[in-house]
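In what follows, chain A forms one complex with chain B and a second complex with chain C.
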Partner chain A sequence: MATLYLIFIIFLGGAILTYYAGKLGSVLQDIIFLATILGATSLFYAGVHINDFMSFNPGGITLTWGINYFGWLFSLIVLGLGSLAAVYSVGYMKGKKRRGYFYFNFILSIMAMLGILVSQDLISFFIFWEIMTWSSYLMVIYNGKDDQKLGLKYFIFSAIGAYAMLMAIVMVHSVTNTFLIGNMIEAYPQMSLSWQIWIPILFLTAFGVKAAMMPLHVWAPGAYSSSPMAYTSVFSGALSKMGIYGMVIILVTMISHLPQGIWFRETLAWLGGLTAALGTLWAIKQDDAKKLLAYSSIAQLGYIITGVAIGTELGLLAGLFLAVMHALFKGTLFMVVGAIEKQTGTTNFTEVTGLIRKMPWTFFSALLAIIALAGIPPLGGFVGKWMLYEALITSNHYLLVILIFFASTAAFLYCYKFLFGFFMGQEEKEWEHVKEAPATMVVPMVLMALFMAVLGSWPGIILNPINNGLVDLGFVSTYKHLWDTSILFNSWGNQVVLKPLLYSVVAIFVFFAIVLIWKGFKGTRYVSTKDISSSGEVPGENENLTFSLGFAQPFLRAVGPVMKRQIDRYYTEFADGLESFFEFLRRIYTGNGQTYAIYVFVFVVIVLLFKDVLF
Partner chain B sequence: MVGTPVLFIAIPLLAAFLIPLLGMIWKELVRIVPGLVLIYLLILAVNLLDHVMVHGPIIEIIAGWAPPIGINLVFSAFSGFLVTIMIFLGLLIWLYSYRFKKNVGYEPAKKYFLLLMMLITGSVGIVLTGDIFNMFVFIEITGISAYGLTAFYTGRDSAEASFKYLMLGSIASTFLLLAIMIIYSQLGTLNMADIANRIHTMNPTYKIISLIFFITALGIEAEIFPLNGWAPDAYSEAPGPVGAAFAGIVVKASVYAIIRYIFTIFDVDGAFNFLIIIGMLTLIIAEMAAIRQEKLKRMLAYSSIGQMGLVLVAFGFGTEEGVYAALFLMLNHAIIKSLLFFSGSYLVYNSKDKLIAEMNGLGKKLPITSFLFALGAFAIIGLPPFAGFWSKLSVLTAAADKNMIFIMSLILFVSLIELVYYLRVVNRLYNSKEKASSIEVKKPTANALITMLVLGGLILLIGFYPDVVTGVLHKASAALMDKSQYIHNVLSINQ
Partner chain C sequence: MELFINILGAIVTFLVAFIVGMTYGGLNRKITARVQNRKGPPFYQNFIDAFKLSSKETAIHHGIMHYLGPAFLMVSSVMTLLIVPVFTNNGWFPNLNFKGDLIFLIYIMTFGPLGMALGSGQTGNPNAAIGVTRGLSQMVGFEIPWVMALIALMIQYHTTSIEGLMEAQAQTGTWFMFSSPFAFIAAILAMFGMFRYSPFDIVSAPTELASGPASENGGKYLFVMMSSGSVFTFAKLTLYVDLFLGGAANLPVLLLKTFALYLIPILYGMTTPRYRTEQAIRWFWGWPSFFGLLAIIQAVIL
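Entry: the complex of A and B
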């Protein structure tokens, strides 16, 4: 089991080496960086056995490391996405400043996430959780332009979560006298009712912050959009899943024992639904691709939370399947934005258009990712969404279905905006020189896009590990009837029922497309994309014709009242209020020696007066 | 054994008096001798602590009179641990300030090192002595040298700060003397063990009043709210290393005194809850004040006060775990806060007003110093895997075991405030967007850099491998908790 130690030593040593290797040459730095991540990843899958645990005692506290099936499922997200993003980073960071800083924090984030998954005790869980927090914080402030204090906001919210978790951890410790997660789960049913309620609330607060759940999500848009895109794909794709990971553990092992657990589930499911709906609306409003994807991430995490919160077998399967899918398509999309940013220098839809011919592979990945995100068959996103709807309907959450349905329909708007805004539309002179991104950036994107397509037809690749994970958590085994959980699956269980139908549709579509192109080939007249007129008016040379300008205005006007109140503003006001209160309190220290002397005597008199009460 | 506890007092005191004379021989001796003395004392302290951990406390009788009549020194695991921290910190302060300012001439350097040696003598004496009047004498020695050090920069502001300190310090002495008089008039003894042995025979009213006077007097020195008015001014006007000395040495000695009175000498149970109350008040008010500070050193001063409040709260739990947590906090505070004072001094070295707002973009100009400051900030907030995390965890565990959920949540809330103001400074250091500070930076001297690197290394060492200190801490906390053993050890020495 020493392999696990070795992996963490590789990560730590690699991080430090990479940091200093920059002085020797950037190629060497890239190689060490990739070797660290890929080496540790392959070592993990080659040398670490599932359900093989080891313990050690630093500072008199028993810590246990090892991975179970549930952790292993998430390790796929962390290490899979992490490795691809690492390859991507090499291309993305080419020619950028502070590469050592970036690589250092990248490796530490991956290490911390893996650490969370292998921690079988609360202390190492917390330590890795915090390492994950500060390494991602350092990424958020990578650009050194913390205009709106985004980094600080992220850190404060993470700290609120972390402190809530720390409180729960020490509360558990005072009952069980150990920090082992297994002992906590065993001892939970015997705790007093108030503790049975408070401990999950505190844990869920911590996990809700990382999973960007309403109303703890306010850090997310800024933090996601201001860290470098190569990192954001991990940040949004994998790091937020750590919140889901913890949430599922708490829900399955604790809330299931609680008779009042139904309230937890309903509250969480509704918070998830609201997160999905509002996140979608805000995403539609954005003109910047980074911001759009950031809000879209929040919305997608909302679906996942809803799925895992309703807690039926199908719900958990749906939530976790969506979690994997989200890691894939949001990872890809952030990479796409990164590639566009790298090649054009901006991520604003109203400026960049018509990249389809210049960056075809990027377009291809973006297209597949968007199809998966929107939940259109035959990609994996469809399977997940279908399972989520089915889970909600079979558990009688009809209102919630409407909310989720509204959110995912509205999501088409921003999907369209994203795809059309960047890749279609008029080809501006300004972007004529743009070329496809380098291979190190394109290959990871395309690989992930293809994997999404595969998952749409063979969801069993992911559903089996999910099932094993749930069994490991003590969930009723779905092994025998995994393929009966949803009507979507065929009786062999490894494919989607609709597959033959879908492929027939696709085949017919492709056939006619080819025929039409063939037929119309001869009569084609080439025009520039600017050769248009609207309402009989020929647009001027410098007129901004981008599709995304003023996109979906009537829709946004209609939903305007919902978006009027921003929870962010309440937090800011609260913080300002606190600070003025502190300012008032600070005046106790007047700077006047006489006042201080008076304080001393007042203190003595008060204590003497109340000495019978106090002592 | 290589020496006895009395050397901890005799040698630095002697060195302090010899410094001016040695300076007449060779001026550089003024700077060298304190370092040699402190190195020797550190070796001695570590050796004795090692001995004490195995063989039990060393009790030394001064001048041949056995207790309870004579004065005795007690070097137990608890007091020995504190002495070791103080001497170690003293050594680092010496190393750091060896050439802190190039332009500091012979005359100020002489005074500085003389006062520093006196300060260490007094503080170590407070911790080692077993006699309450003797402790009063040491508190006076510490106080006088601290007033002098506060006024080291002979400007108007430092003189004012020093005067405030002096004024409150005199009030403290008055109360301390009153308390000692009450005890002596009632029990006719000044020996701690003897008092502890017979305290239950004392009239409860007198007992409580003397305890209150003790807490007031020592609370002024230990920066307890609302008695700590002197502290922010003194910290911000004194040189950086002196701030570290106040936080790491003087205040620790005063806290020790309070703890000794409450845990060993008096048998008043309500005192523990009182410690929690005043500790919480100190913590909350100080951290709230810290967030609104504009000057770096003032911010660090308030933060330091707050940490001491937390230490008192941890002691107030009255359990062995609480004491363990408190000692761990004191150790971490000594290391981390010193690092913050040391690196912070260089960050605002040439600035006139020492404002936090002037620190923009220093991360580029002073990379190592800024990095170490950030490390210290992360550590003091309690982020793992740095040293501060383990002490914060042990405080919270101790609170949870006492079922004090409300106290726990308050501590965490205050930690959040702490996090905000430290991160604001760190953010500024690495913020490249705003206009970088135009003030010329001062690169740290080699010895200062070594000092800071040693402290940074310690933070990482304890963070990754807390076992290096936990053994000593457990022994030390057990030694404090065992009151009857202390009394027995001291009083049986004459047989």
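Entry: the complex of A and C
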């Protein structure tokens, strides 16, 4: 069991070494960085046994570390995505400044997330949670300036969440006298009703902030888009899942004992649905790929929250499967944006177009990731979406399922915008020099894309660990025997048999591709994107035919009324209100000795004048 | 042997769908012409066009996605066709009927248009991309009443599979068209958007967008797109017949029912000029969704 200590020592030592190795040479720094992450990862999977716990007693408080099946499931996301993103980071950070700073925080984030998963007591959970917040905050302000207060916003919301969690921890301790999560769960059914309600609310606030749940999501677009893309793939892919991790534990182990738990579930499920719908609408509106993906992350986390919150078997499976899928496809997409940013210097759809022939591998991974995101079969996203819909329909959430359907249909618009904006459309002279990204960046993306394709027909690879994790939390499984055969079942007994469907899709596609290519892809001549018939006229050389501004404008006009109000504005108004209040206070506390002398003088005069009345 | 029969079944189903769909397309042209007091082409004109297009030699391409776009489109139409049962009681090749349910069907139906959208996107023609965004927007519009209608049926009969719903109709002896009238109305109204005839022809919009996503395609590309459209028409009509008109036991009945349904969007379109995109979307979120809501309320109460 000492392996677990060793892993954390490797992480800490590696972080510090990497930070200082920059002075000796950038290659050495890269090597130490990769060795730290990959070494700790392989050590974790080789040396750490599941359900093997160890305790120690610093200062009279019992702390327990160890991993259960549920944590192990999330460790796949954290360490899997973390390792691939680490490989990607080496390519991405090449030639950038503050590499040591980046690597240091990257390693600390991965360590903190793993720490959260192995913590079996609330104290180490909280400490790792704070390390995670700090290291990600430092990444948000990577550029050194925080002009738009994006980092500040992230930090304030994280602090609100952390205080809520701290309060809950203190409340729990006052009842149980221990900090162990297991004891908290055992003691929960005997607590008084008001505590039974307040403790989950406080915890869910903390987790909701990290999972970017409406109305606590406002930090996410700014924070996701201003940290370096190599980190954002982890930030959005893995770090946000920590909120889901906590949420599932609270929902499954605690709220299911509460008779009033149904209100928690319904509220959370509807918040998730609203998050999904509104996040999607705002994603369609964005012209910057980073912002688009950030809003899309919020929306996708909404699906996950909905699935987890309705709490039926299929719902939990759907939520957790989508969580893994989201880590994969959003990780890939942020990496794609990073690659494009590195090769072209911009991430704006209105500037970059027509990269498909210049960056084919990047396009390939983006295409698969987008298909998975849209939930189109035969990729893995469909499995999650299918289970989510069936879970909602079979558990009588008729209106919620329509909201979710609306969100995921509208998501096609931003999916197309992403692919079209970067890769399709007119090829412009400005981007003629663009080359494919270096191999260290392309390989992780392609690997993740292929894994998504595999999960579409063999979802058992992930569903089995999910099942084990749920059983660990005290949930009974029934569908387990079907996953090795790749059949999806709902509780009404309807099924989707994935493999024959995949084979048919592939067969039909190949057949018609051959029909089209017959007598030659070679026989036809490639013509440039300027050589088209636009209304029967051949466009001139300098005619601008790029379509990127006002993308999906008619749709946004149709949904205009919904998007008039933005919760962010209320927060900003509240903050402005506080600021002006403090401005007013500063007129009283001027810091000037003479003003204070006047106050004292006035006070004494008042006392003297009214001494008969007062005393 | 079983595999061979399955493949044979798929091919025969495809051919039937192709012929019927093409004929319906020709009849549509004929009817439109008669309403506009023209003579119009013969009903088999579409076959002539298809033959001409397929025998044309292709000289240019805009890249690999452009080349494969129509193949994506075809995957979605053929998969839809294979999932939908053609006759009741599997009096025809069952194909993939038992392998997928309605949710799968809804999603595989969107596979093709997105693939096609990528293909036409690579041509660089701005009209194509504008058409695609219009099409996707319209899809968000009509999916809402369509899904509402389907969910109403699903929750009332506790099944998400097409066979289950057909069996329910066979057992009760009434078509869902009569037992769930609101769902039927919502689904029929959603059908206008699905078939994209006037007034919802905002995707191809002949006068504005020069036929939109199809604009850079000719010859073999256009042939594949055209056959995919015909197959898709037949598959969607059969799906409607299966869900709301109790299915069909043999080919004449199926043709009768599908053609009756097909006339609804055609004839409605002849009297109405094209909507703008946002008007079209809002139209679907108006009365059609209201009927969809009524259908769900009816399903919950019963």
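Quick notes on this structure:
As a working rule, the second predicted complex is superposed on the first by the 539 of 615 C-alpha atoms of A that agree within 3 Å, B and C clash if a C-alpha of one lies under 4 Å from a C-alpha of the other, contacts with A are read in each partner's own complex, and residues count from 1 in each chain.
Throughout what follows, a contact is a pair of C-beta atoms (placed from the backbone, for glycine too) under 8 Å apart; a residue touches a chain by one contact, two chains touch by 3 or more.
If you're wondering where the values come from, they're calculated on a predicted model, not measured in any experiment.
Comparing chain B with chain C, more residues of chain A are touched by C. Judged by the touch definition given at the top, the superposed model places A:Val515 against chain C, while chain B stays out of reach. In the superposition on chain A, A:Phe155 contacts chain B only, with no contact to chain C.
In the superposition on chain A, A:Trp134 makes contact with chain B only, while chain C stays out of contact range. Within the superposed three-chain model, A:Met424 lies in touch with chain C and out of touch with chain B [touch as defined at top].
By the touch criterion defined above, A:Ser192 lies against neither chain B nor chain C after alignment on the C-alpha atoms of chain A.
In the overlay built on the shared chain, the residue A:Val527 is in contact with chain C alone; chain B does not reach it. In the superposition on chain A, contact is made by A:Phe555 with chain C only, not with chain B. Contacts of chain A with chain B, set against its contacts with chain C after fitting on chain A, share not one residue.
Residues 163-164, 167-168, 171, 175, 208-209, 211-213, 215-216, 219-220, 226-227, 229-230, 232-233, 268-271, 273-274, 277, 285, 288-289, 291-293, 378, 383-385, 389-390, 392-393, 396-397, 399-401, 403, 405, 408-409, 412, 415-417, 419-420, 423-424, 427, 430-433, 465-467, 470, 474 of chain B touch chain A in their complex. The part of chain C that touches chain A in the complex is made up of residues 10, 57-65, 67-68, 70-72, 74-75, 78-79, 82, 96, 98-101, 103-104, 107-108, 110-111, 114, 117-118, 121-127, 129-130, 132-134, 136-137, 139-141, 143-144, 147-148, 151, 154-155, 158-161, 164, 210, 215-216, 220-221, 224, 276-278, 281-282, 285, 296, 300. Those residues of chain A that touch chain B in the complex are listed here as 58-60, 123, 126-127, 130-131, 133-134, 141, 144-147, 149, 151-152, 155-156, 159-160, 163-164, 166-167, 170-171, 173-174, 579, 581-583, 585-586, 588-589, 591, 593, 595-597, 599-600, 602-604, 607-608, 611, 614-615.
Of all residues in chain A, those touching chain C in their complex are 354, 356-357, 367, 371, 374-377, 382, 385-386, 389-390, 393, 396, 398-399, 401-402, 405-406, 409-410, 412-413, 415-417, 419-420, 424-427, 490, 492-497, 500-501, 504-505, 508-509, 512-513, 515-517, 519, 521, 523-536, 545-547, 551-552, 554-555, 557-558.
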